[in-house]
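Labels run A, B, C and D following the written order; every chain starts at residue 1.
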Amino acid sequence: MSDFEPKIVAFFCNWCTYGAADLAGVSRLDYPPNFRVVRLPCTGRLNPKFIMEAFKRGADGVWVSGCHPGDCHYIAGNYYARRKFILLHQLLESVGVDPNRLRFSWISSAEANKFQAMAKDVVENVKACGPNQSFRKEELNLGLAEVA
Amino acid sequence: MNNPYLPYPVRIAEIRVETEDKNLRTFKFEFLNPEDEEKFAYLPGQFAELSVPGQGEIPIGIASSPSEKGFVLFTVNRVGQVSSYMHNMKAGDIMGIRGPLGHPYPLDKLKGRNLVIIAGGFAVTTLRSTITYLLQPEIRPEYGKITFIYGARTPGLLLYKDEWMAWEKRDDIDVFVTIDREVPNWGYKVGFVPSVTKEVCPPPDNTSALICGPPIMIKFTQPVLEEAGYQPENIIMSLENRMKCGLGICGRCNVGPEYVCKDGPVFTLAQLNRLPKEY
Amino acid sequence: MPQLSEITGKIRESAKKLLTSGQADVVIGYRQGTVPMATAPFFARTPEDCDQLVWSNFARVNLANYLSGRPGKVALVAKGCDARSAVGQVTENQILKDNLYLIGVPCTGMIDNNLVVAKEPRPISEVTETTDEAITVKGNGFSTDIKKEDVLRRNCKTCVNRTPKLANELVGPEVNGAAADDYADIKALLGKSLEERMAYFKDLIKDCLRCYACRNACPLCYCPICFVDETRPQWLGKSTDAMDTMTFHLLRGLHCAGRCTSCGACETACPVNIKVREFNRIMELTVQSNWQYEPGMSWDQKPPLTMFQTDDTADFIK
Amino acid sequence: MSEYIIKQSALADFFKSLANGRRLLSPQGVGDKCKLEETAPEKVSLDFTNTHMSPKSLLFPQTERLMAFHNEHDKPNGYVFQSALDSGEPTVVFGIRPCDARGLSIANKVFQNDRFTDPYWKGKFDRTVFIGLACDAPLPQCFCAAMGGSPFGESGLDVLAFRQTDGLGFKALTDKGTELLKAAGATEADLAGEIKSLEAKAIESQGVKPNYQPIDNLDLMDLFKDPHWEATAENCLNCGVCTFFCPTCHCFDIQDENSERGGVRMRNWDTCMSWLFTVHGTGHNPRPTKTERVRQRFMHKLKYIPLKQDGVRGCTGCGRCVVMCPVNIDIRSVALKMAQTAPTPA
């Protein structure tokens, strides 16, 4: 399991965590390269179907990160988002999705160090869960002989 | 057994941007296996399913004429998943076509008659096929006078410019091209297709009309023809509906008991008058 | 113990009055079904129509489903849960409160046909019901009495709000529901391991046909285009893939969170008898424990997902 | 003579011989779990009413792979669809009800229509022998006789079996069926009279037959334009239950799915009750509301299919939609309303 490198889909708010990732980069702070980042205008834009789509297509983990409560660029987007997260988090855990696969965080654009630490923590947690085998679509059965 | 769901593999030989808004492109396909071209024997008015592996299929009228050998042409509007994907493909790419499907315009039954061919917008595709077919030297004498009325919103939205301009110079076809509103240096007609039809369409005696266009054009052209004395049996139209199989099986394109894919897409107005308007 | 005929009489009387006085253009209620153990929604538009309205132990469909976007003045025959759904339709601006009249029927629960069939597996050709406490099912050479409390729908057993308190009128004596729904089943489920839960839910939906009867029977599902019908992008495959099916059920549960009134219409509609309400119940419990919110209990409350508190607790967000 | 008998004592051997070299399917389980399943010969049961779902999925699965491609552009056949036709093993179905067999024969004329043959359906159809079991005690929701069928109907079957006091009687209906019975050692007998009287009794037990005949003679457009459709559809929730359970509903959607390695083109059951079913790319929808969609379903069953299939109705009277519909839309009532349509004066 030690050589398992998880694929993690990250949804970052344009105004904070995305900037933090940038800052971590220019500050030469090392963090694991397991993320495919989707930039959102606000975590309020995060439709739960995005997260389902990521898992469905085989992501081993999902990380959603936005502005600290009170810091939303659009005043209240992350407050609404927080309510959605509460439901989604509970629902997925209830149906047996390991909560370590799904991370929510608040990281401002100045918090490059927090970003770095969080990125490492997310990857470690997902690694501990192992590859996502139970909460994804099955590999397509092509039902064909290999191409000559 | 022949599998009608399985597309013939084709290569995109050429892509031509047809309109100024770049939403219409004409794809020229060549069959990967030459014997498939023989199996794909078609007549004007039929359509095919263009099939992009992994994206899906779209039913599109065949724009080339059976007289044009070695390739087939389709003009595709950018609308949904498959057509948008196709608009990003390039010459040399491989995809598939499946067909020919549906019934052609009943040209063999129209021999000896005059034809008025009315097209609106990009629905001109199968009529381009028809005219190209009819203008072959050995075919042309079998028909009477041919009148072609073609309209689009603006000059930039007219397809196949080189071709209709060449047809215009011929004396065995009358060509009337029109746009909705006057623009500078426009040397042709101005006005909607129904009014141009009213003005130029030949008398109904021994004449059949072939119409293909957007619903709104058909809605207003049909009464013009009827007023001019055309019988519903002699007004021939091509329909479209959402389709999947193209074989009269999957059940969504029906207009009453008739499947647009299998029993159409070409119907006479007389037939349509006896069917629900579910198209 | 009210006679069903008594309630039926009052519903008809009220409906006639509403239609003649012009207070309603249509009264949506139930009529007798064409097969045993069924009723059908019925739209009464004239006083004569009203004689077809009935009350039954099988009046399961949630008629609030027909409210969304309906023009004109509507009167609705509503059980406790249906009335809450109707109130929800008002709070979600699907219909104006002034155009809605609720004929409230205090309800003692509706019957689950599957439980009847479990008790009496022989083909049933006739059902007689006179009170809201028992039914008699008859078939070729048999006649079996069944007590309603033995064959109640799951949601009716734990129903707290049986009397539609917000209705414009009540056509029967108030009834008391369960003291409280303790969500014991859901809590027991959540006590299991992740693997067990995943296995449970996968097994739960394995027969799902994706006919979407649960969605369409639900008064909350009035979106003009449901996410399962979106094509660009297409969020859900159309095959019987288990994960696509799971996605549908999870997102349906999520979309109903804070809005579901436990009317059970989804489960009743399911042709393969999936307990689809499991997903809704998880969400109900979450909404209640976080925001102490119960939908459809007042005309002016805001649904929990359309608002927020700056101090909402979410310890899992790091 | 095409009738045969097998005594109770020899039935076990009969089922064994059916299973010889073939997959034997028969109804197993009770209630909503009753379905056609692969059955060991000793497990075949005659004690069932009907399967929960129609048997169409046997020949037309809810999801079926049609073709696939490998995502290898550089290889000659990479990125080109290859057929994934798989007709499965030779199969014998014992215990299909005549209504359902009739449903398959109606769908068969769609899948093998005047212009095209669907190889996926045909492959499985040709490899399957259908032995029907006549209904001697139809259910309250059954109305096959009113729809032109019979509890002893023969359409779509290779053999019709029926209960006798000692064992089963059989009527061979195709060469396939005769062969099978002979191979199983069935004894020839003259049962025509017995079948006739049993059939009459079974039909009688369905009660009074409503008369749907006027629909056949009414004009398509008169039926279509009749004002009752608005009210008929008013209840409808537009779910797909009726279509998914119907033995003759055959509509499907074709979908592509991808992975890194390649992709599959598959077909999935679809339903005319769905808005998406007919919507055009432009957003125009020829059947925009539930009224049109409900009308389409009933017109298709009771008018369009009869027009295309020599008067055979597209409803077999199996009663599934009647009991499954969450809002009790009963095709029998709808058919009666249609039959009462006033024709336009000529």
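The definition used in the following text is that contacts are C-beta pairs under 8 Å (C-beta built on N, C-alpha and C of every residue); 3 or more make two chains touch, one makes a residue touch a chain.
What you are looking at is a predicted structure, and each value in this text was computed from that prediction instead of being measured.
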item	value
Intersection of the contact lists for chain B and chain D	C
Greatest separation from chain D - chain, by CA centre	A
Chain occupying the most central position, where position means C-alpha average	D
Euclidean distance of C-alpha centroids - chain A vs chain D, Å	47
Inter-chain centre distance, chain C versus chain D - centres from mean C-alpha coordinates, in Å	32
Distance from chain C to chain A - Cα centre to Cα centre, in angstrom	36
Multi-chain contact residues (two or more partners), chain B	80
Multi-partner residues of chain C (each touching 2 or more other chains)	231, 237, 241
Pairs of chains found to touch, sorted by chain label	A-C, A-D, B-C, B-D, C-D
Contacting residues of chain A [partner chain D, same complex]	139-144, 146-148
Complex interface listing, chain C residues touching chain A	186, 189-190, 194-201, 227, 235, 237, 241-244, 246-247, 250-251, 253-254, 257, 279, 282-283, 286-287, 290, 304-305, 308, 310, 312, 314, 316-318
Touching residues on chain D, where the partner in the complex is chain A	65, 68-70, 72, 75-78, 82, 84, 86, 257-259, 261-264
In the complex with chain B, residue positions of chain D that touch it	66-67, 69, 71, 73, 79-81, 83, 85, 110-111, 113, 115-120, 122, 220-221, 224, 250-258, 262-263, 265, 267, 270, 272, 277-282, 284, 286-287, 292, 296, 299-300, 303-305, 307-308
Complex interface listing, chain C residues touching chain B	231-232, 234
